[in-house]
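Just dropping this structure here.
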Amino acid sequence: MSLSSLQLCLLFSSALFCLGLMAALSRSNTILVLLGVELMLNAANVNFIAFWRYGPNPEAATGVVFVLFAIAVAAAEAAVGLALVIAIYRHQKNIRLQEATRLKG
Amino acid sequence: MMALILIALVTLASAAAAMLLRNLIHSALLLTASWAGLAAFYLWAGAEFVAFAQVLVYVGAISMVVLFAVLLTRPPQPMPVTPPNTLGRALVALITGGAVLGVFIGAIVSSPLPATAAPAPTVSVKQLGLELAGRHAGALLIVGALLTVALLGAVVLAATDREPVGASLDDVRGRPPGTPLQKSGDAP
Amino acid sequence: MSLSVQLLWLIPALPLLAAVVGTLAPRGEFKLSASTAIAALTLSFLLSCGALITALADPSAHLTSNFTWFDLGHGAVRLGWLLDPLTALMCVMVTFVGLLIFVFSTGYMRDDANAKQFFCFLSLFAAAMLGLIIANSLLLLFVCWELVGLASYLLIGFWFHKPEAAAAAKKAFITTRIGDLGLLLGLLWLYDSTGTLLLYDEGQGVLDPVVLAGLGGSTAIGLLIFCGAVGKSGQFPLHVWLPDAMEGPTPVSALIHAATMVAAGVFLMARVFPLLTPDALIVIAFTGAITALLGALIACAQSDLKRILAFSTVSQLGYMMLAIGVGSWVAAIFHLLTHAFFKALLFLGAGSVIHAAHHEQDIRALGGLRGPMKTTFVTFAIGMMALAGVPFLFSGFWSKEAVLHAAHGWGFSQIPFYAGLVAVVLTAFYMTRLVAEVFFGHPRGNGAAHAHENTAAMTLPLGLLAACTILLGAIGTPWWPWLQRTLDPEFLSEPGGAGLMATSIVLVALGLGAGWALYGRKLRQKSAAADPLAVIAPRAFAFLAARMKFDKLYAATFGRLSDTLAACADALDRHVWDGVVRLLARLGRFTGLVNREADEEGLNAGFDATSESIRATAKAYSRAHTGDAHGYLLMIAFGFVVLVFAVLVGGGR
Amino acid sequence: MKPNYTELFAALSPEAALIVGALLVVVLDLTLGRKKIAEARWHAAVRIALLAVGLAGCFTFASGRPGAEFGGAFMLDALAQATRYSVLVLAALSLALLPGTARMRHPAEFVAVVLFATAGFSVMATAQNLLIAFLALELASLSLYVLAGFDKTRPESAEAALKYFLFGGVSAAFLLFGFSLLYGLTGSIELNVIARELGAQAASPLLVVALVMVLVAFGFKAAAVPFHLWAPDVYQGAPAPAAALIASASKVAGFTFFARLLWSGTGASSGQAPAWMLTLAILAGASLLLGNVAALAQRNLRRLLAYSAIAHAGIMLLGVMTGTRFGPGALLYYTFTYGLATVGTFGVIAIIERAGRCQDLDDLAGLYRRSPLLAGCLLMFVLSLAGIPPLAGFFGKFLLFSQALRLTGLTGPAGWLAIAAIALSAVALYYYLIVLKRAFVTPAVAGTEARIAVPLKPALALLLAAALLLALGVFPSSALRLVT
């Protein structure tokens, strides 16, 4: 069977999403976990652009606008996230996620 | 079509490598490459302005912030090598990620989608500007508030409180960079 | 002086106000709190009398005053008050008995540091109980029902520093909640099928004939509502909480666990009597008969003064349910009213003894109180004779006669009737035992030796209650069944009960004689001496004394089952991720237990064991929550995949 | 299309008031407050913030014109307005608890971020397209992450914020991905267009994936099992005033937000309802079960509250299911009264914490002696959470359960869930009584018998919350009328 370009784009974004997810699930360095989340957000952006590109009314540019806003949100998330990493580092003297287990039970 | 496949492969490969490497700096650099790949994808799809924004924000700003964060959070002594449970966790992550990917692939392949290869649409910067100030003006206002709170929050969270009570935002202004605050402000 | 139905809400509102005033009063303001409570209840009593006058003007009418509580858009929820002879009589009884108990409490609780709160709780209880009685909406009734439960919890656990009191309060609360669950489900079902919870509403209420005729499947509804009554009125198999509830102060036992609250279940069943189908009535009748017999049997072998009275309450409540089941709710209410007076009298008498004997409650360690406590002795004896059913002079005789008469006339089966007859003998027997042990002979303990009569605040209520105990029988005799006709204008008095009456007189005499033969002729010398009954039939006595060994039987049956299940769950737990499986296994056991409520032996210890095993499950889950954020994120992805498959497989469309 | 900015401002005026208030708080603190002591700065910041919230309330009242605004980006219907009021009331209560309870640094920044979060909640209530929805959610979420990590003296606070952030970030990614798929399948981001388009096309696996991805984010926001894992940690680690906001206003806004997405975007008209109904039923059942059972084992008061919140989320999900037929009134009533009780409980915790610590259940011991006011308020809040009659918690449960039973009868899935919820509320009562027992019966631990002084503003806030719970319980129609 043959895949259309749109399906190819979607497969690309899915793969990117899952890569990000796997990074978030496995890496012990909190910064890399954070970057995994960033990759997941990026994957959604790929979807928006692909759907805009092959969608019914590209002249409305909705997908493009959405991606612009999503990039801004992702940047804001990165800023807050990295600040939190620094805050954790201050108490823990390292940033290994699996050691942040004061709260449990 | 070939261009798309090539871009996708390069992006995915560099992202995967970034997630596998042990050296953080190398990871960060490879991620930058993968973000650049995404920008290439946007260019390919005809969204030039998005590609521009992607390069500006990710390649220009966020990667720098990440580098700073990496340098700031170096452990005082070298980290002990591979904690015992890392392998198990990686395996679980691989299985779960694979399951999610399987769900996606199954859904994409089995769902009817428009299969047209229409000519790439273009959107001019002026048109985008009109859209932003027109239909999406509300969103623009909200994103302004969002970036403000991110700035404010990042400053407060990352600042080190050494001063006695009574100190505030102004006291941390003069500290060396490394906090992501200034960078996030110019993101959009 | 009559009270219109629109002002009926004043009756519960006044005690509620007193409770609020009492709460706001500064600590240690015992006098203020007590006098407000008594004043409020006195007013309520007068108002209740007014309401009774109104109701008697036309006994067959159901006066209502309904109002809309809120509008749902697709139907309004309405509440209201209801005034008919049943309501009015119950109000008069509760306020009058309550008032006497309040007065008694001023003497009994005088030295307690928290007496102020005690009166708040008592007022709250009275308000809730009165609200329950006047409610014309099952929803309002349920709300008050729960409040009564809450007040009872607070009062049983009033001496919370005693671990038994705290445990008893918890047990009472949880046990009755199980019944309440059934009640709530019944109400929901009823609402589902009729769209209203008003009792009478100009032809649209659930008890109005039009709606009743259109109601299908009401056996289940009736039985679910009965579940609530089983819990609250201490019927088998949920009777286990009532004897333990005696850990509360004695006036509480008198007010709540003898006279009023426990009667709420009987009242509820009488109230919704038209809803009950013949099938449901059969269940009710047999439950009542079993309870009557069981309570009386166990009471014979108890040695704690209050516990004997508690089991006798269980037994008498069984009589009332029996009467409802055989179709004579009028007899049930008659017995409820007389029982309220003489049981309150007995409990207050017991309180008087306990207070005088420095909190000695063991009948083996009392004795010889006839001399120093004359008033208490005489009044207690009157109560005892009423309970035992000594003929003609005492109200208990007439009401019990009415119940037995109704049971005799029941077409379905005579078994409940015979159970009732056996319980008559037993009642006379254990009450004789009680009086002989406590008041005759000579003191066998320190407390009893130094006992002397209490103050007037305590003896006056005793006297009043004793007078009522004697007089009240007059309103329901077969020759002049005023009460029956008032409650139910279609009541027909059937003559020809003379043979039955003679039988029961003989049975009472038998019980009294046996009791006196065993306990009265040769009085106990030492508190450690064996019980005569234990000498005759040691094993049976021990069995009864251990309250039929519910706990032991539980350990042998359910305990083993539980161990097996727990072992299985543990084994699974080792191989399957986290505590999910254990959770399900434990939960399955929990539902299994709840479903098998009928298994009496599982019940008593069952609550503790079940709640313990749930808690163990929770602890296992808690340990699985390791705090590692990777696991949290994993759960997102995992949940996502599972949900997608659930929707695709479950065919959400 | 010529944009009508007057309309835009009319729609967003309450949020504008909040954000201007936030900026004002920061600026004034930087210029005038530098030399003042911390206590005075807290008071000043809270005063300005309360003013801004009050102003926002007035603007909400003034903008009460039902219907879509600004090209369909915002929906100002009764649900949105009622949610805005609820959020503002809850935020005002959380703010009023601050002076004299919080011992964190940077008062102005804390208060400003609370105001930003409130603005986010308020936009969430009105969002009518996916873009506004996503941005509003992120605005609120980012503010809450910051608030959770605000107490820098305690490592628990940072850890709670990080966990909250990571969980929220991943679920935001799921949400965005789901939105992108919805956009792709329908070609629009307007909710009503999406509903129309979905109604016209057959179901596809991709649509199921998109819906479930949105529901994952819903599960996170609502703290429904299995997306609940963050809640106990965050409730435990975050500063008490932040936890109060996370547990109350955030929940009200989140439920309105997702209910609107589901009802108008993929509701009955689109024919997609059964898919998400099934998912919600699974989430609701799991939450009810796990929340109530796990709460029994908790020795930490805040974790206990978190598990009770999870159980309550199960009931609220039931309300989302019934809302398709009976309207949003019951759901909103439930979330709001739940929010009131939770704000109050965390307020009590915050005030106790001022005098010592308040983490474990045992820290409540002797509260009745230490402060009758706090103990009395706690009694009201906990009893309302438990659903004891005259209080609003009972009425909300009653309303939701009766609707659930009417939806499918006793034997349908909603009916079963309602029965399970009723049965489990008996279990719930047990752990709520444990809390009360500590406060009223157990004597204080030696060394902590000192009386607790309650500052005026927090005391008033607690009393107001308790009074509202009682009033709403006795006169529920007055609140329900706002929504219908």
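What to note about this one:
Should a chain be cited, it is by its letter among A, B, C and D, assigned in written order, with residues numbered from 1 in that chain.
Methods note: a contact is a pair of C-beta atoms (placed from the backbone, for glycine too) under 8 Å apart; a residue touches a chain by one contact, two chains touch by 3 or more.
This is a predicted model, so every value here is computed, not measured.
When chain centres are taken as C-alpha averages, the shortest distance to the whole-protein C-alpha average belongs to D. Using the average of C-alpha coordinates as each chain's centre, C ends up farthest from chain B.
Each chain gets one centre point, the mean of its Cα atoms, and the points for chain C and chain D are 41 Å apart. Chain B and chain C have CA centres that are 67 Å apart. Each chain gets a centre from the mean of its Cα atoms; for chain B and chain D, those two points are 29 Å apart. For this pair, chain A with chain B, the centres built from the Cα atoms lie 6 Å apart.
In chain A, the residues that reach two or more other chains under the touch definition are 17, 20-21, 24-26, 33, 45, 50, 55-56, 65, 69, 73, 76-77, 80, 84-85, 87, 90, 97-98, 100, 102-105. Residue positions of chain C touching 2 or more other chains, listed in rising order: 622, 625, 627, 629-630, 633-634, 637-638, 640, 644. In chain B, the residues that reach two or more other chains under the touch definition are 89, 92-93, 96-97, 100, 103-104, 108, 113, 136, 139, 143, 146, 149-150, 153, 155, 157.
If each chain is drawn as a node and touching chains are joined, the picture has every node linked to every other.
Those residues of chain C that touch chain D in the shared complex are 68-74, 139, 143, 146-147, 150, 157, 160, 166, 170, 173-174, 177-178, 181, 184-185, 188-189, 191-192, 583, 587, 611, 614-615, 617-619, 621-622, 625, 627, 629, 631-633, 635-636, 638-640, 643-644, 646-648, 650, 652-653. Residues 1, 4-5, 8, 11-12, 15-16, 18-19, 24, 27-28, 31, 34-35, 38, 41-42, 45-47, 49-50, 53-54, 57-58, 61-62, 65-66, 69-70, 72-73, 75-76, 79, 83, 85-86, 89-90, 92-94, 96-98, 100-101, 104-105, 108-109, 113-118, 120-121, 123, 127-128, 131-132, 136, 139, 143, 146-147, 149-151, 153-155, 157-158, 160, 179-181, 183-184, 187-188 of chain B touch chain A in their complex. Remark: chain A residues 13, 17, 20-21, 24, 30, 33-34, 37, 40-41, 43-45, 47-48, 50-51, 55-57, 62-63, 65-66, 69-70, 73, 76-77, 80-81, 84-85, 87-88, 90-92, 97, 100, 102-105 touch chain D in the complex.
Those residues of chain C lying in contact with chain B across their complex are 630, 634, 637-638, 640-641, 644.
Chain C meets chain A in the complex at residues 622-623, 625-630, 633-634, 637.
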